[in-house]
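Have a look at the structure that comes next, please.
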Amino acid sequence: MLLHLCTWPEVESYLDRSTGIILPIGSTEQHGPTGLIGTDAICAEAIAKGVGEATGALVGPTINVGMALHHTAFPGSISLRPSTLIRVIKDYITFLSKSGFSTFFFINGHGGNIATLKAAFSETYAHLADLNLPNSDRVRCRVANWYQCESVYRLAKQLYGAREGSHATPSEVALTQYIYPDSIKTAPLDANVAKGHPIYGAADFRRHYPDGRMGSDPSLATPDHGRQLYELAVKDLSRSYLEFLN
Amino acid sequence: MLLHLCTWPEVESYLDRSTGIILPIGSTEQHGPTGLIGTDAICAEAIAKGVGEATGALVGPTINVGMALHHTAFPGSISLRPSTLIRVIKDYITFLSKSGFSTFFFINGHGGNIATLKAAFSETYAHLADLNLPNSDRVRCRVANWYQCESVYRLAKQLYGAREGSHATPSEVALTQYIYPDSIKTAPLDANVAKGHPIYGAADFRRHYPDGRMGSDPSLATPDHGRQLYELAVKDLSRSYLEFLN
Amino acid sequence: MLLHLCTWPEVESYLDRSTGIILPIGSTEQHGPTGLIGTDAICAEAIAKGVGEATGALVGPTINVGMALHHTAFPGSISLRPSTLIRVIKDYITFLSKSGFSTFFFINGHGGNIATLKAAFSETYAHLADLNLPNSDRVRCRVANWYQCESVYRLAKQLYGAREGSHATPSEVALTQYIYPDSIKTAPLDANVAKGHPIYGAADFRRHYPDGRMGSDPSLATPDHGRQLYELAVKDLSRSYLEFLN
Amino acid sequence: MLLHLCTWPEVESYLDRSTGIILPIGSTEQHGPTGLIGTDAICAEAIAKGVGEATGALVGPTINVGMALHHTAFPGSISLRPSTLIRVIKDYITFLSKSGFSTFFFINGHGGNIATLKAAFSETYAHLADLNLPNSDRVRCRVANWYQCESVYRLAKQLYGAREGSHATPSEVALTQYIYPDSIKTAPLDANVAKGHPIYGAADFRRHYPDGRMGSDPSLATPDHGRQLYELAVKDLSRSYLEFLN
Amino acid sequence: MLLHLCTWPEVESYLDRSTGIILPIGSTEQHGPTGLIGTDAICAEAIAKGVGEATGALVGPTINVGMALHHTAFPGSISLRPSTLIRVIKDYITFLSKSGFSTFFFINGHGGNIATLKAAFSETYAHLADLNLPNSDRVRCRVANWYQCESVYRLAKQLYGAREGSHATPSEVALTQYIYPDSIKTAPLDANVAKGHPIYGAADFRRHYPDGRMGSDPSLATPDHGRQLYELAVKDLSRSYLEFLN
Amino acid sequence: MLLHLCTWPEVESYLDRSTGIILPIGSTEQHGPTGLIGTDAICAEAIAKGVGEATGALVGPTINVGMALHHTAFPGSISLRPSTLIRVIKDYITFLSKSGFSTFFFINGHGGNIATLKAAFSETYAHLADLNLPNSDRVRCRVANWYQCESVYRLAKQLYGAREGSHATPSEVALTQYIYPDSIKTAPLDANVAKGHPIYGAADFRRHYPDGRMGSDPSLATPDHGRQLYELAVKDLSRSYLEFLN
């Protein structure tokens, strides 16, 4: 059940039976020579829709642009500053809380969002307390990273081993191939991919990761891997969502 | 050409031939008893993709949540405060400008976004001047409202006359019906629809527009109207984009 | 009745009979080779005082500096950033609302202020809702641009035709000549005045409008034109204010 | 020489001979049962104009609304929050610095502005350093309080002794009587005026100062006192400005 | 070498041989019935000084108040909002970067700080890039949590097992006992301590953790445990700091 | 009684008998060739502890970094921008007010903090009013500068006369010598010390005060002077605190 395809009376009815909502959040950032710039948003959105179908949960609109400052030395990357993203999340949760929602489950496709999301949740709880909304002290938020679901992690390990890497990974690329089979990209990939350098600013990132990959070999990805990963993620996160809701 | 389905080297190539980008912006807000909450985002996104195909322009990710504070007394509406949206737009344009983009064409589906977008453009031009980016003083932004294209406006008038109204209009509902034919909603609509009251705060809005419509009769909408409106909007805005680019 | 020339008990009495206040807002920006930098503030203030006299409304202090970022490449221009002006407006309305005012009528002399004012109104309605003031959901704001009054527009057209232009116009210059007859400036004006270029950043503006005028011929202005325009604007806006109040 | 009555080429010429500008700043706040709400702005503006005439300095537009939060429990008072006023001052100075001004002399009529102005100056110097403007490290700001000029202070003491008080003082009231002789107000004044309580929040202020005066007897004021005080202030501040400039 | 006990010429000399600085960050928050409110700041500061001595690194002043919003329903807790702490960290790093520092090692005593610190680092890298400082793209920040050092974690496990818990832990209490042996507090502790509930807002936290402990038994702490933990943490973090520096 | 060495139940008990708290605030900034960078924080903290002991007041954690932007051209100085410090102070007071504190006595060691602190108090009173806390309109804040205590001022005058100067003064240096006798620094001091130049931005400050001193001769300081100054300050401020509390 997608919020964008509901009418407001349908949402009103939904709120009679549930206060939960799923919010997909991704990023718009380089994913190496062959990964799609929308990878993190595409994965989060697809899985969130799957979880929504499996659990009957309402799924809000995808936050397409997240905290990707360290990728902004590559053309096409867009980022919100953390202070901006905090305000965005605060606005989302505040106005949905005014509607009656109190259980916010963010399905996240990008590691760079996690810290800012957690900071935003804290900021928002305090803001809601300031506003004295009736449900202020019942609001609960959680970030769930699809790529860290245990079953997903295990399959990625099994399929790709160390060549999974940590950015522009074959598992996320596989997932986008499954979702957008017409947008599979190929390019010569240097076997000697950079890895292990911590993440600082954008210029530093590009200096150390010149083609954008972090230790990964996305050429291993296949659409069928993507399908398997998708199904595991939906199953795991559906369970997590229902546990969180209750 | 969708940014989300490109790799960064593809964006790099694109920038060799163009500095333009289309950014769809909508809203997540009640659209009366039968209109979809995502109407404005759905319409802006579909038309932007059409314009991208027609002109070869790159189309960025859709800004799904805009400035809809006055709709937030209806459940399911989400809004950014203007001060938040200004920061979002500033971040988008700043980081895309660092990539080399300088021509930003926002295809907009929601009247409530216009003032804040214009304020954001001014804020951003001054911010870019502060940063001394090489292309700072070449950056140009425009907001193009699909529903105000002359041909669209004329057809809506002809199809619906005064029953077009100004929110939850049959023309935008028709467009969503064309795009999502499986999500056509019906509900009894009071013929005596409210109209003419100016827009102030959220509580005032709901008091004056109890079912969310502003003078409109969305029951007149058909998917085929939607198709016609879509085609007119794509044609008009493609011309506008190309003129703006050159 | 000017707020600045009242005592607080006089304001208290006023609030017993009216919750309306007029707030003049102008700008401090170049107005071509012969226009006064204070033109927009001068015009808004004079007309607001006239409307106050005609209607018995309280008139607040003039906001002298508005959103004029695009004029700041000319010496003497001052601007607030939109994000600053939004905070200013929010503070004005919030504290006046705490006093008991709820009807805010901004008489505006500068097109560049409109978008930011509208964004500020939205921001403020939501802020007042957060504060739970007793009159929060009764607060209403409107911006009224004197130069867009129908009668004013018609006279300007009749007097100057296309030479009215859109910045440093003979009509606004005429109005300042009527108000400050000792400050009438002359200078050679290039007949080939620039026009038609959209407004982006400050450097771009000056590049395209080298003497600051936008398609106008302010040499046509006379103090007597100014008087006529003043009287029309006061009459029109007095009617608008009273309609808005009730 | 008033900025508002200049054209931009006149400002350009002025900048060839001076980088100094005077900025009057007042407040819009209750001044007891008989003092005008605009007192602080009226006094600052009049004296600034006098200093401008005496020294040939350019005088900018008056900042009518300052930091008067503690007065906002009285109707008609308007205040900017300190964080807002800091942004306003930062914007003024930044854009005037881009024009070439570097010497900012604020003539102030309200004690409550001083702390925030000083904080704003510090904030602005650091901001200008961030921007790398050519004159960034030459910008100097000063706040000059007319009522603290030695000669003014001495005359007030001599005329009113302890009945000068510290808010809604006879000296500031006298000055407004001199400037606006048609707006002299009278009201019965409790001889037992409150005094000596420090300033905290707005509710606390009104609780301790129920009619708004702080230890003052404004009934002692006369327009002729106002004239004397005006002349002393103009003389003193003209000297201060010239010293500051050089 | 403590920054607070240095002169500026000593810092200048230090910068000739190192660009690294250690910044202790703690929190001011309840730590159960017997834990000190300053626990996190006390531990971070003591260990940072130890690391400074062991490595010759400069140690900056302790950030005593961090992100502890969820503890603010207990008296004596103080917190910065995440958006405030981000600004604080940005200011620290920016001005130290202007001095020539580029390697920032935060020794942290509070889990609640981590997300906000990481968000702040991202915000700051982008801010420094905006400023075009000479060392902008060389600035690197890291947060090191003393309680997560492998050796510390192992000893805590060995000493306390599951009774270590996750807040007001015996290990952090032991460390404060070692540092402040005169401030050892005792109180009856309910053996049935709450645990396992995720952290949301302040009211929710206190509802679920009524005495402030999260699954811990701080009565197990001894000053000698504290000494051992201190020595392990200093040794581990000294190695980490030197690795980070090079 | 130090907040950092209390448990939360101890704070709860304290609040039964007092709503007052002392907050030391200093700075981290150059203090000339021989003064410690932490001078202002060290002095404020030591005196605050002394006052706490003398009066039984609770003493909060020291704010080590204040508003020292004008010192940031000397290595080792750290500063918050005024807008940051305002948020910090607002957060401290807001969360302590929620605990039940209402009387905030800041013992300050740095002149540069005063304006921003006062602005922050105003900002906070208005913020508390927005929140409708039960004690909102009872919150009172004061800044007490130890170096301006009458007895301290008199002794400094007597010991050092004009060589006290106004920054890196022998009196503050003496106080740090008394507190940290092992950190007494010496260096050749130019007898011809700069003085009398007003404070503007950081580059300007260093240009005019090349070694960081403002008219002072810190070589006159002795630890015993420090002891005397300490005792006077504690005595004076203890009296001030108790007066303020009642």
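Lettered A, B, C, D, E and F in written order, each chain numbered from 1.
Rule of thumb we're sticking to: a residue touches a chain if its C-beta (ideal position, glycine included) is under 8 Å from a C-beta of that chain, and two chains touch if they have at least 3 such contacts.
Since the model is a prediction, treat every value here as computed from it, not as a measurement.
The angle needed to superpose chain A on chain F by their Cα atoms is 120 degrees, rounded to the nearest 5. Comparing mean CA positions across the assembly, the chain most remote from chain F is B.
Greatest Cα centroid separation from chain C: this falls to E.
Comparing the contact residues of chain A and chain E by number shows a mostly shared set, over half of all numbers used being common to the two copies.
Listed options E-F, B-C or A-E contain a single repeat of the C-D interface, assigned here to E-F, on the basis that more than half of the contact pairs agree by residue number.
One finds 29 Å separating the Cα centroids of chain D and chain F.
Mean C-alpha positions place chain A and chain B at a centre distance of 24 Å. Chain centres here are Cα means. That of chain A falls 46 Å from that of chain C. Of all residues in chain D, those that touch two or more other chains are 72, 79, 81, 83, 130, 132.
Across the complex, chain D meets chain C through its residues 2-12, 15, 28, 30-38, 41-42, 60-65, 72-81, 83-84, 87-88, 91-92, 95-96, 98-100, 180, 183, 185, 187, 212. Taken in their complex, chain A has these residues touching chain E: 67, 69-70, 72, 79, 81-83, 86, 112, 114-123, 125-126, 128-129, 136-142, 198, 200-204, 207.
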